[in-house]
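If you scroll down you'll find the structure; I have some questions about it.
Chain naming follows the written order as A, B, C and D, and within any one chain the residues start at number 1.
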């Protein structure tokens, strides 16, 4: 086997190709790790049976040891023979224990008890150990960027048109707030994932042969694995827990896609408000195009957006998997496996976004240049509002006509203002500060600076609390 | 205008065609109601300005009155002239007030302040006034059905195959739990919807001309309308609040689709475990097919599933609308309008599901017949578990071989058991109760009855608490 | 009923609100028209039975007349009583004919024979009468725009970065080609729509009581309605024909979305290569923003993109509707109705795109200004290619290093070239024409002009052929 | 590297785990093969330049040889250094050739010329060499199954209810027709895939330095690789060709999902019209459940449906990739790579479906039993039609009331018929053959048999023609 044998571009180009990323994710998302998680649940099941005296402690210990030793290779080989993945695992564990321990392997469990529980544990752990820490680091980068440019004036843009000014930090603060809230949603959805130990149809049929309170045994097993017990199940866990989790990732990914789109637009040749540090590195060997030697492209941002396009639609799979006939059909079996890959690709998105965010630098001089260049029309808003505040009965229309005429006559609004008899009495009532706003858009930043800092303060507190809570 | 002029099948076939449903939803989802909500926000804005002394109270009162009087007809007419929907509304309000009040109409606001806030208020209200009450009633129906059949034995089915027994109430209890949890998610997402009053790019540029603490004014306005203030905004509200809300509806709809699929399969000619009460009404005029006079079809369940197929994919629209360039492009404007229709269609789904649930009846006699007919193979599970509990080292394989041989030899497992020397010593150790299970699947219901009642108890408490909290 | 009563934003804001559009689409997409199409199929069925002598010609004539008279109001009223839409229509027709004609109404047909056939006829007709003519007109507008600017130099952009030059006409020619091909796909998919007349399960069970060659009768009916006969059916037409058709619309819509995105980006304040004619109309009353009086926004392009976001996901509904159990479940019934609305919304997209395309004008002066401003780096490509063509063994790297150094030293590549000893021998070999390219990007347009004209020629021929073929 | 290291479940569980399948697909879909295809296009490019005398033949031969030798390992290593995949490949090829040949490697090409062309070639080849042959074999299996049971009576089912009879072969013939048509659509879409050789922005800027007719060179290169030349391109090929292709696969997959759903429902415990041959194999080691030893599940059909759920939503990615700003943004780069995996997964679907189709067997005896059991109500349709044919003015209503009363009184329709004075005169007019139909649903098969054979004949001819055309 060779990394280039893969058919999945995620495996070949992103996961296998980046050693550090691969090693970080492998313990949670590889097929190898999936078998490990399944074996861990089987071991915990035997331990739970030992806790209630059904199974000798020594048997549970034997089983636990076997669960550590069992390999994916042998499980897959056995599966090829009997055509059942969990029974294959069970047989491999059984083969490694004494006859005394054998009856207790997998006893009272159905395959889905093991698989759904293993999935919940693995997703909860990858979220806690990888996703949330990486997201928190991304959030810190965004906070740092927002704070560093809290007072850097930038042209605000709506519809791609110059609107009124903001600061670059304020633009970034939107993402501090949006990413921050999404981290909370993801962490919450991960904590709400459930396994089950309720048997073939969810009614604890087998387990009731042992105990009149089977739900207590289920809760004990879940507890041992760090999970909350489910309310009620069929053969499988209720699908909404996993669907909520994939939704949480997908909605966060949408915020990444928005960051990526915004930041690459700010690197457009005509905007140049952001630039790639590498572009000014005299030693760089980096190639932007195989034919255009001058190109330096925002390809990491493009990759982040592109991966969102590849994975966002897969939420639809989860929404279809909500439907399963009676106590379960198996048509969710293959499809739900792909959640693991989605998690890995999402982690890759964080990884790539963090890399590119540290590789760009805002150009405050250029931002000021753009703002000053667009100065004239954008002061139409404060003009309208000040006219209205000073009692003009139709201030918006007056300002609109002035802006329109300035545009057509290729003059400035301020030039036209000086000779406009109709607005003169209102201008006369304005304070010097108010008049100054009409001349300098950088005085019309609103609460950009203070809001940026408040949002950063809030999320610094919240992520500190998240980290303490781990 | 005539209801049959509509191009939308939702309007023509479902909403206009059902007078009671139409009247219930019209105040929240019609285009008429959208204009009303916009005007309500404009009125609240003027009142907020009056509260802080910017605008005379009398002017705010004039504006409030004008907002009540303004009609969609005049707003649309003005929009046709100036090509801007909110400025059109503003002009219509202005035309109805004195010159003294005119400057205060819409002052400091951008269109999105009004539209996003109006959307949040309307969705919060339709959720509180229609969706949650109707969902709670649906939940009560499910609880009633589950309790009534908590002890009605039914064959459990996985992969479409007979598995092990449950009770019909236990099958329904799954939906009690799943729908119940979804009601909580929907109510929570609705409460988390946000408006804004932060101006053209979210930085309170205009409002800062008035006040050094513009966010307090925003919070005051939101509070007046029953909304939580946003953390920070661009020209528009952060898209995730709305996306979360549409997700919440969509995920609940998936549960409806599962109920619909399950219940129509239970009406299959070969199952007949559920039946339509109308089928046995001697006076019914209902036609099931235009060519097959004998048909009685589960068409309401089919409709519920079909509407899910029509609306579920629309969540993708919301996920794409998370991306908006810079301080906002307008490419989310038309697309987000459709949320209103999604809400109405979801309400229709509840309505239709409630109707059909009250029209079907479980046939406990038939359920027992099916269970008894499938008796033999399904007791293979307790056989395996009991063999294992009594120390058989390879109990699953022993039971598998017995079941296979019974199938091939067209005998029963119990017949083969009697002559099986290998399992005889383990059978000898079993108690009479245990042996009885092997003969009667209705003794192998696990915790079906108690779990059903526990789930119903839990959700009765929870929905009672929800209703108190309203 | 009032247009503002609608819950569908498509109905309320777009279809009802634009009288000309409404009148153009109403005969094909309204619920009224759906009933008309159903009645037309019933009439054609009776006529077909008369053709083969089963039904007296006078009865068929009576039925045809009744089919013209039947109203949606009476059909819906009857449906409310008997709960079956097609039987309701049949009863209404029956009530209008003599007892002699009554047995022949709907004889041998199942509801789906009528509904699926009516859908195919209505979609084929709206495509032929509205969509294709409007698309052809859009194509003509694009051809005209491309030809008018076939030789207008414009900066080519990849990754949002200046790449190498094209002409604006060449940029538009892409859309001439893409829209042109999509028209062909749509027309083809519409022609391939099928109805059926094969009864309750597709096997012509009832019709075989009459004729040993029932498929011939089906073909005759299809032929009478302008449709191709189906290969084989269940109760319903094979779902792929409709799915292909909706895919064809959706893929064309994606091209519109790309045009819309491109054209609004070209209107960005920093690009200004396109502008809205209205912006320079001294009498315009048009408002761009309710608070920023200076705004002129590309809102029609934004609307086109936004409607794509609203409707594109609905293709997923069709893909789910491919699955129907056995000879048909009805879970595709409600969902397929929405195709009508999709067609209307697509027609609206063409309508809106055509409007906005005629409202914008390219600014050739500005395009030249941008191209000249970006001149220096973009000549790195011809430099590399010419160096290679003259034998430089590592031309790309030489040009890359020059471009990088120019960027860092804030010089031009041409300035650095003059003192670069390494490339001097290769420059010495270049012709004056080749050297001129390095100084003027407008000489590096490649085949932009000729390709633009060739593409326009091709599609002018093709759409002329399409029109002749109607 | 180890197959269990993969994060993609497709790689780990399906592709790596099935040796034969892996070896069949690896030459087309592995990352290894992608590099091979890219190198093949570079070699063809040099050969094309040699054909027109630009590049010495010996240089082109050197390059061709180097292209055969270059390894993914070295390309990835170089990419890690320079951050550009195609320039990395070019460098690796250059390093293997003489200085004389070096300038001609990749000359005039942009990366997308190579990548898009390689993608088109690889997809065209995998379609021709794997997908179409496997689909044709699947089609043959379906034809064989349909013919074998062309005359096996089966109950037809609509809405899950007994409708009127068909034959099992007729049910299968639907899939013969639907799969057959989809093969044609796939083959056509594959043939319509396009590459390009038009440079950085599609205007042949670089190539025009060489030739006044650059499009001829492009056509020559495409022709050498077995592709049709494109009409016009930007930096990239028009996205619709690929989107059409993925749509073609997706729509075919939907037919598989329908087969899978139908066939697993026919295996339901209550239906048992199909069964798994393995279930009656006395030596089988196959396990159906880890806890229910008696289970034999339709897990291959479930897998086919489940993989459809995993991959169908990915068409949405292609629909989003239709939009690329200006002459191209790169946000389609990562996302389009996944098409390779989609193709592999689709091939796996065919593979799995073929396997399970050969493992099931229809049970004609059981089918007859079900049909006879449902006999009574389903004859209501011929009763209605015959009454109408014999002049009953309200035959449907008469039959509906009889069927309703039979249901309520738990009698048969035929019993009630005997005492029904109102219908007696019409029964009296019926022929013995017609009366026999009312007694035996197996006489009411319509044209099931002949249509089955006609459809099979048609597709046998068509696939034979397809094979000749290869």
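By our rule, a contact is a pair of C-beta atoms (placed from the backbone, for glycine too) under 8 Å apart; a residue touches a chain by one contact, two chains touch by 3 or more.
For clarity, every value in this text was computed on a predicted model and none was experimentally measured.
Peer 1: How short can a path of touching chains from chain A to chain D be, counted in steps?
Peer 2: Between chain A and chain D, the shortest chain-hopping route counts 1.
Peer 1: More C-beta contacts across A-C or across C-D?
Peer 2: Most contacts of the two pairs: C-D.
Peer 1: In terms of residue numbering, is the interface formed by chain B and chain C classified as same (over half shared) or different (under half shared)?
Peer 2: At the contact between chain B and chain C, which are copies of one sequence, the residues are largely the same (over half shared).
Peer 1: Indicate the whole-number Å distance between the mean C-alpha point of chain C and the mean C-alpha point of chain D.
Peer 2: 25
Peer 1: Compute the distance, rounded to whole Å, between the mean C-alpha positions of chain A and chain C.
Peer 2: 34
Peer 1: Taking each residue of chain D in turn, which ones touch at least two of the other chains?
Peer 2: Within chain D, the residues that touch at least two other chains are 87, 90, 108, 157-160, 163-164, 199-200, 206, 264-265, 287, 289-292, 297, 299, 302, 312-313, 315-316, 320, 329-330, 381, 385, 396.
Peer 1: Looking at the complex, which residues from chain B come into contact with chain D?
Peer 2: These residues of chain B touch chain D: 155, 157-164, 264-265, 267-271, 279-280, 282, 284, 287, 289-299, 302, 316, 320, 370, 374, 377-378, 380-381, 383-385, 396-397, 399-400, 402-405, 407-408, 413.
Peer 1: Please name which positions on chain A make contact with chain B in the complex.
Peer 2: Chain A reaches chain B through residues 87, 90, 94, 99, 102-104, 107-108, 156-160, 163-167, 170-171, 173-174, 177-178, 181-182, 185, 199-210, 214-215, 231-235, 238-240, 243-244, 247, 250-251, 254-255, 257-258, 261-262, 265, 312-313, 315-316, 319, 322-330, 381-382, 385-386, 388-389, 391-396, 434, 437, 444-448, 451, 455, 458.
Peer 1: Please give the residue numbers of chain A that touch chain D in the complex, ascending.
Peer 2: 1-13, 15-17, 22, 25-26, 29-32, 35, 72-73, 76, 81-84, 86-87, 90, 106, 108-111, 114, 199-200, 206, 264, 285-292, 297, 299, 302-303, 305-307, 309-310, 312-317, 320-321, 329-335, 337-338, 340-341, 344
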